[in-house]
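Okay, so subunit A shows up in both of these, paired with subunit B first and subunit C after.
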Partner chain A sequence: MPSRVVLKLYIAGQTPRAESAIFHLRRICETALPNQAEIIVVDVLERPDLAEAERILATPTLVREVPPPRRRVIGDLTDIHKVLTGLGLRP
Partner chain B sequence: MDEQRRPGYTLSQPFSNRLKETRGLMASSLEHQPATDEQWRALVSRSAHGVLVVDSSTVVRFANAAAEQLLSVGANQLIGQEFGLPLVTDQRTEIDSYRPDKSLLTLEMRVADVTWEGGPALVVSLHDISGQVQAQAGARRSEQFARAILDSLSAAVAVVDADGQIRATNAAWTAAANRHRGNSLLALEVGQNYFAACRAAAGAEAATAGQALAGMQAVLHGRAPSYELEYTVPGTAPEVWFILRVTPLHDSPDHRLVIWQTDVSANKLAALAAQETRLETDRQTQRDQERSSLERLSTANPTPVTAQSFGLAPLRSELPAVFAEILQRYLVLFDQSLERRAFRVEPPISDEMRNLAQYLGQHRAVPRDVLELHLAALKTKTSAASPGRVQAYTEEGRILALELMGYLAAYYRQYVTTSSWPGPERRPPDASPATPERAA
Partner chain C sequence: MSAEPTQALIERLTTGIPGLDHVTNGGLPRGRVTLVSGTAGSAKTVFACQFLVEGIRQHGQGGVFVTFEETPADIRSNMLGFGWDIAGWEAAGLWAFVDASPQPGEESVIIGNYDLGALLARIEHAVHKVNAQRASMDSLGAVFTRLTGGATVRNELLRIAAALKRLDVTAVVTAERTEEYGDVARYGVEEFVADNVIILRNVLEDEKRRRTVEILKFRGVSHQKGEWPFTVSPERGVIVIPLSAIELKQKSSDLRIGSGNPELDQLCGGGFFRDSIVLVSGATGTGKTLMATSFLAGGVHQGERCLLFAFEESREQLFRNATGWGIDFERMEAEGRLRVVCHYPEVANLEDHLIGIKAAIDEFKPSRVAVDSLSALERVSTMKGFREFVIGLTSFIKHEEIAGLFTSTTPTLLGGTSITEAHISTITDSIILLRYVEIYGEMRRGLTVLKMRGSAHDKDIREFTIDGHGMHIRKPFRNVSGILSGNLIHATPDEMERLGMLFTAGDSPA
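Moving on to the complex of A and B:
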């Protein structure tokens, strides 16, 4: 398990779906990555340039920035095991 | 997962079902004939649903025109882009696609495993459900609006179906039900049966509940346009009153009823107080009339019979000290008489009454003197008394005066029958008696 993880969550607006994604990501970090995960939330409606640069197609999209290589998942973040597996963070 | 093996790709069963939904005709070829890559591409390229194939690196290997449109990407721009590992629960989830104008599309995303060009891959199906989501949001807003209207009503409202099942209640109903747990017509919640509760009501509430049930049935079956019942909740102090109204819920397919309940205790108590005030005014008028009559009787010229028999002036003016003494004794009797009424006790007032009548007789008192005595006592007792006490003194005083009058008559009758006439002369208490038993 890496000592430092940076996760960037792309959402679109302050919708219930976006809030749900943030909530579940925080829960995952508190549960599986305590004191080692940094979360960055990007609203693609406010920062379309960042979404364009990252070529985000839809939201919520979660990108593992650190450690490399970059990995991304899209969709439902409620299942902690699927999210960690998708991001390659399962021990 | 059940899988159908095809030359060129493997299609999982749920995704096959999805394709069958959207392309029924083509689906038959999927089930009965081997599908080639070209056939499959031709099939999905014309689908109204967006279809992507992403490889194990989550890079897009295939995308149809609908997918490009839904993700706001130009033709052939998706191929080679990283999509990300699609995560779904129960085979589906919802994602947002943002457009250049900052509007959002809500897409239903479904995922199925396939073998694509010899390797494992995922087929991602995207379906625009924005309209459906907006319709659902509109329905929710409409329901919330209706709920807000319902909750803003001060009346307690419940909606029941034709079987009596409570389908909805508003906030006022819930609050009133919590306040009046003993009211079987109100302490009910969604899911309970109102008609059954009316039938089950027992004791003091049974009659009211029976009337309410009959009224509801009448409205339900169109025999009455509406129904209204005013009822009191048994065992409440101060008394609690409700008005129950029943109206049909218009345009409801299953003949629902709306039950309105309004707590009218304040109005009812105010009306009862006004009625009591009117009654008290009437009683006061009656008392005033009674007192005026007594005053007229007591101040009128002596009747010829009395005047001729005794030639006496009123006791009050002729022997004021005696009158005052008798009045004090009479006032004590007045209070004892009231005690007898209030506490239903039997104090020994008859003996004192007889003694007082005898004392009056010894001073040649006549009925007019008794009336004057009674009037003076009534004025003394009622000058600063409450209306209820005034009424009690007035009513009890009548009996007392009659009783005293009776004893006085008995006193004089005794002399008539024994021929021991006390004589007409009246003397003050300190004077020597002119005849036996004339003075105290």
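Moving on to the complex of A and C:
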């Protein structure tokens, strides 16, 4: 398991779906990555340039920035196991 | 009580794509999304790019290009071939890409619900950045293959369409079709951008590719029906050939011009009309090229500018022929009165030939044009395509008030008609037939003016000869009949006399 994980979550406004994604992501980090994960939330309505630079299409999109390589997961992250697999963070 | 219009009429956005604004009756519905659907290789991406290009070049309108398939780098270099400097426009703040192309090695897993809020935010951002009035999205099918949940994607695209409308952006969205004549597009795309649909086709017919564009529907506004041929020119991109623009509103002139042969002028009742189209039909070697040559030379002698499109013979051959008839093409061309354009029919398809011919006419501004021969172009096209070409060419020439002479080669030596004639005879103002006449083992030549719109003309079939000074028209054939059909019947002088007697005998009581 990597010692440090940086996860960037792209959302489009404070929608119920965005809140659901944030809620699920927090819970995943607490249970599977305690004290390891740093979460950065980017609202594309405020920073469309960041979404452009990262070429984000769908929201919510979760990107594993550290450790490389980047991995992406799209959706409101309802399934903890699938999220960890998708991010390549399964032990 | 008069009803107040609750909603304004749908405005049009002139696309600037040559010919398209004709067949759409004035452009795309403004502030709406138009679906452009076509099979692979039907020029969808070129169309989508050109929609923005013409906006920038003709109207200074900014454009946003959303690409789902090719990378912006690929599009920039592909479109450079048309002379479209996308990178330059990006730098000038007139063009913005929204790059939604797939990124290698970055596959996304979908867990739970999602929307395309990021894409929408990026599009809006780009629209504001270049103050866009136009947007293109190419191509939608790629979104459906990458994101599962077709219903979500459809819903989200609908939301994007609504956002573009709010921003008063007119958009072109491309989508794939699997068949040329089948469903509008894959993935049920048309269901959410159903208001306006344009179909691009690239049909293989008789081993020849033929591109057409059809305005399938424009909700609330009028458009031309049916398929219109178009071509993708290396210099100008998509060019639609609007045959409907060709209304029969040409003025007709009473002014006569010389045909280049005084004897022929006499047969025609004093020469051809100024803005008329003359068709000269005959078998190979009957003198069609000569007639075209003297028609042009006659114009040059009167100080007119003349243009020849030759599809059968090379320059050298044509010049040598002309010299053989006492006409100096070389000098005429050096003086700038004549231009000879030679092409083999096979070098291009008919649409491209038509565009080439129009461009040459626009540039040289001749008052006489000859095409030798029109029938040579039949080879490179389908029947339908050829008919459209002939109509398009004829009406263009008439529209420009130019005198035109087309030659047409008949497939048989004696008698006969060609496909060219079948398509063109009603459009032309005059038809002159040149025919071989076999008389007692000798091939002689005959000529007749079959039709001369708006004028009396000689009805005889006359013999003509060709020598070092050109064509000489002589006396009518009197003892031969069936020349036109090719089934010659010779009558001896005795027989002629007997027939003549019969009628006199019938007139007077025996």
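By our rule, the second predicted complex is superposed on the first by the 90 of 91 C-alpha atoms of A that agree within 3 Å, B and C clash if a C-alpha of one lies under 4 Å from a C-alpha of the other, contacts with A are read in each partner's own complex, and residues count from 1 in each chain.
The rule is simple: a residue touches a chain if its C-beta (ideal position, glycine included) is under 8 Å from a C-beta of that chain, and two chains touch if they have at least 3 such contacts.
Quantities reported herein were computed from a predicted structural model and do not represent experimental measurements.
Q: Now for A:P69: first (subunit B), second (subunit C), both, or neither, which partner does it touch?
A: Touch status of A:P69: second partner only.
Q: Looking at the overlay, what does A:D49 touch: subunit B (first), subunit C (second), both, or neither?
A: Only subunit C; A:D49 stays clear of subunit B.
Q: Have a look at where A:A12 lands relative to subunit B and subunit C in the superposition and call it first, second, both or neither.
A: both
Q: Per the contact definition in the header, classify A:V83: touching subunit B only (first), subunit C only (second), both, or neither.
A: In the superposition, A:V83 touches subunit B and subunit C alike.
Q: According to the stated criteria, A:A32 is in contact with first (subunit B), second (subunit C), both, or neither; which is it?
A: neither
Q: On subunit A, which stretch or stretches are contacted by subunit B in one complex as well as by subunit C in the other?
A: Touching subunit B and subunit C on subunit A: residues 12-13, 15, 17, 44-45, 48, 51, 55, 57-61, 72-79, 82-83, 86.
Q: Given the complex with subunit A, which residues does subunit B contribute to the contact?
A: The touching residues are 58, 71, 73, 78, 81-89, 93-98, 102, 104, 107, 109.
Q: For a test of understanding, state which residues of subunit C touch subunit A in their complex under the given definition.
A: Within the complex, subunit C touches subunit A at residues 98-101, 103, 105-122, 124-126, 143, 147.
Q: Which residues of subunit A touch subunit B once you look at their complex with the stated criterion?
A: Where subunit A meets subunit B, its residues are 12-13, 15, 17-18, 44-45, 48, 51, 55, 57-63, 71-79, 82-83, 86.
Q: Could you please specify the touching residues of subunit A with respect to subunit C in the complex?
A: Contacts found on subunit A: 10-13, 15, 17, 20-21, 24, 44-45, 48-49, 51-52, 55-61, 69-70, 72-79, 82-83, 85-86.
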